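Next, two complexes with chain A in common: one pairs it with chain B, the other with chain C.
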Partner chain A sequence: MVADQRATTGVVDDEFWEPPWRPVVRGAGEILITLGLLFCLFAAYEFYGRSWRIEAEQDQVDSVLDRQWKEPGSAVPVDGQPIARVHIPKLHRKWAVVEGVTTGDLRKGPGHYPGTARPGQVGNMAIAGHRIPSVFWDIDRLRDGDAIVAETKTGWYVYRVVGLRKVLPTQVEVIAPDPFHPGARPRTPMLTLTTCNPKLQNWQRLVVFAELDRAQARSQGRPAELEEAR
Partner chain B sequence: MIYPWIWARLPGRFLGKLATAVLLVIVVLAVLWFAVFPMAEALLGLDEVTVGP
Partner chain C sequence: MGGQGLPGFGPWVVYLWWLVMNGVRASRRRRARNLTVLAVTQLAFGAMATLGAMAASASDIPTARTVTGGTLTWAVSDVLGRPGDGSTADKAKIEVSGGAEKLSDGAVRFPAKGGAFDPATGRAVVTYAGSVTLTVEHRTVSVAAPQVLVDGERSALRATVTGPAQVHGTAVAIDVARLAATRPHLTSGSVSWADLAATATEQGAASLAPLTTSTGSLGPVSLGVTVGESADPDAQRELALALAAESPTPSASASVSPSGSPSASPSTSSCPSPSASTSGSPSPSASASTSPSTSPSASASASTSPSASASPSTSPSASPSASPSNSPCASPSPSPSESPSETPTDGGPSTTYTTIEAANSNTLAKTGDGFLVPLTMAGVALIVGGVFTLRIARRGGYASDDF
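And then the complex of A and B:
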């Protein structure tokens, strides 16, 4: 039909004529739309993809932790293996914390800086985690007095938030044994969380300090702080 | 211009082309999601959350 018209009239032909620059513009448009979709997809990956991956890893690491605790004796921390559970009742979150802070370790969940204190020990138990929805996204909502509970094979350690700070990535003193007096001998058990700041950027670190409030043995049941938040 | 070019080279008639196109899109998305993005993320340093010297 169209071909007939074109052949007979020669007028409709003009509608099929394209200025020579049009394919170039169309090609550029296609490339721009493709790049736009690509960046949207990358943003979605940064936000949801990593969260899903970490949640899947957490399920696995958490069950490893349960198995470890059923075995007798105390386990020596192995890189990439879980060492404790950390609960933040205010944010309705809990994680199995793994030993080590390499990219691979942090893919499994929050990571414990090697060489820093163990739960309940005098010194500073420092933990790093991604600023994504399934990890430390909301820790800027913590305020002084909020509970952070560490759970080990033998007991529960209830820490209370004593301060938040935004620092540069090079300020290693925040994970010193006594983060408020770097270089001094630590006197209290502290817990420090580090994550990136601002959200989805990486030029600062958000740091949450907490100090041990009390400890209780596993035989005494779950601490009241965890039940309040339910 | 790229997409019409690919479309013209897909095998079969309309349904066949459509099925192949959907398959192609899924393959491209999977490669991006599981291989390219994790690598891009590490290169951009978006996964740095620790303090260190």
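And then the complex of A and C:
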């Protein structure tokens, strides 16, 4: 706009005289705004786009899991392949959990720490998930007694939350077989969710501990906890 | 986090400065210079914010914790031989001072003075107070201010040893013995290493030579420390310094004799195999499937496999694999100890014992990015800065009225 003025006036006259530095400043301002917009758009994409991508991946992983469960025999966990489904009725969420916690695995949804217990086993089934809206965004809302249900080919395992903790990323004892007594022999089946904390940061981990409350066979239908949430 | 305030604030400081400058009627040339400076500063701050964001996503958090207490138990009299076997032990006199105390079995216990333990790496350095003086007839050797360094194969017991064999005029701390670092035993807030086999270094053997003719294995060393609640940068620094300090002479006799170790663990190397998962070898798991399952609770029908209870054939000193101190032996996972036998045929969910492997992860999975917030802040700051700059550019044209 201002450039047009100068173009039309052509010769410098007193009314519309433009200092020579003005185009420079204007250019700088425009560059700043463009960069700022780019930054913001990229941040938004990283946040919402990743969330959306994981949801898309989850659809796919979920169908793989259903197919696996139809086949006879029990599958040995393969990295990146789904092993179970986890429901959190309070948050109205469910995910297909894949084996492994590498960046690639977590791109598909929550990941099961390799070598930790599987659903229902004595020990600690540890699961990591991104702190983004489609995964573990609001697991800080869980309170003691809330149900977390693990679903496998053969049965349902209803865990109850027994505590939340904020730890440093190096405190791997929270995924020990007995997270409350690291080094001790586990006695109860536990389930542990880990995610980044605080939201949009990663210098801490939020950990949710849950203990097995009961288990029921698939033939007995869906557990009541899931129906209540509907 | 601390750095984010600067890029966010920076442009505003610059604008304030510019407005003050503008209040004084500056010449065009001056104003042009100011604006150029402004634009450049704005860009610089944007770049700083970006760099800050990158740095924030890869920030290094101190993981080491300060040692707040604990003891070192060293059966130092073992260097004298066993009492009653005609060795020097019968004639020896052991005196302690400076807070050390003598235990009934001839071992000496030193109180911890300070140190650091890093749960992320399993490395530790602990300094102790007190000294012990061994006297055999007229020959005296005193061992003071021991320090234990736990760092895989470099684990060592250092102390200031003074005696007849002392070559230097002033006593300096030497590496008395190499330690066979086993996996520590972790409980909440405390770490302990039990019965570490100690092998005298050349220097250590020379220092103790006046007392004994036997070299090699010294008395086993046990230590336990309590550590602070949270990570401490000072502890991190202390640990880094201790680890960086090269031991005087890494002697050739640094190999560890398994026979000297009272802990019958297979872990004389610095990388002990995880005890719980090694016991999950094929044979016990095979027995688990054939064994009668005890199902105490009707609701969960938990059939606890006996292999779990039959497995503790490992040494008591080696703690199960849950310890976070597995990075010095970050070997690829030796054996998937998990029994993939999820076989409740009639739908009765089974419960089997499983452990996590050691050396599997040093940190919990990274499940978020730290750069989003700084990036957004930088973006907003750039936009606001750009808008202001554009406004200034528009205003400048009407300054001609003044002339």
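List of remarks:
One rule holds for everything that comes next: the second predicted complex is superposed on the first by the 213 of 230 C-alpha atoms of A that agree within 3 Å, B and C clash if a C-alpha of one lies under 4 Å from a C-alpha of the other, contacts with A are read in each partner's own complex, and residues count from 1 in each chain.
Convention: contacts are C-beta pairs under 8 Å (C-beta built on N, C-alpha and C of every residue); 3 or more make two chains touch, one makes a residue touch a chain.
Bear in mind that the values here come from a model prediction, so they are computed numbers and not experimental data.
By the touch criterion defined above, A:20 lies against chain C but remains apart from chain B after alignment on the C-alpha atoms of chain A. Residue by residue along chain A, chain B and chain C are tallied for touches, and C comes out ahead.
In the superposition on chain A, A:51 makes contact with neither chain B nor chain C.
Once the two complexes are laid over each other on the shared chain, residue contacts for A:68 go to neither chain B nor chain C. When the two complexes are overlaid on their common chain A, residue A:202 makes contact with chain B and with chain C alike.
Applying the stated touch rule to the two superposed structures, the overlap between the chain B and chain C interfaces on chain A comprises residues 26, 30-31, 34, 38, 42, 46, 101, 103, 106, 113, 128-131, 136, 167, 169-172, 174-175, 194-196, 200, 202, 205, 207.
Chain A contributes residues 23, 26-27, 30-31, 34, 38, 41-42, 45-46, 49-50, 101, 103, 106, 113, 128-131, 136, 167, 169-172, 174-175, 194-196, 200, 202, 205, 207 to its touches with chain B in the complex. Across the complex, chain B meets chain A through its residues 1-3, 29, 32-33, 37, 40-42, 45-53. Within the complex formed with chain C, the chain A residues making contact are 2, 5, 14-22, 24-26, 28-40, 42-43, 46-47, 74, 76-77, 101-103, 106, 111, 113-124, 126, 128-132, 135-136, 152-155, 157, 167-178, 181-186, 189, 194-196, 199-203, 205, 207, 212, 214-220.
Residues 28, 31-32, 35-36, 38-39, 42-43, 46, 50, 57, 59, 61, 63, 119-120, 185-188, 231, 276, 299-302, 304, 308, 312, 319-320, 322-324, 333, 336-338, 340-344, 346-357, 360-370, 372-373, 375-376, 378-390, 392-394, 396-397, 399-400, 403 of chain C are the ones touching chain A in the complex.
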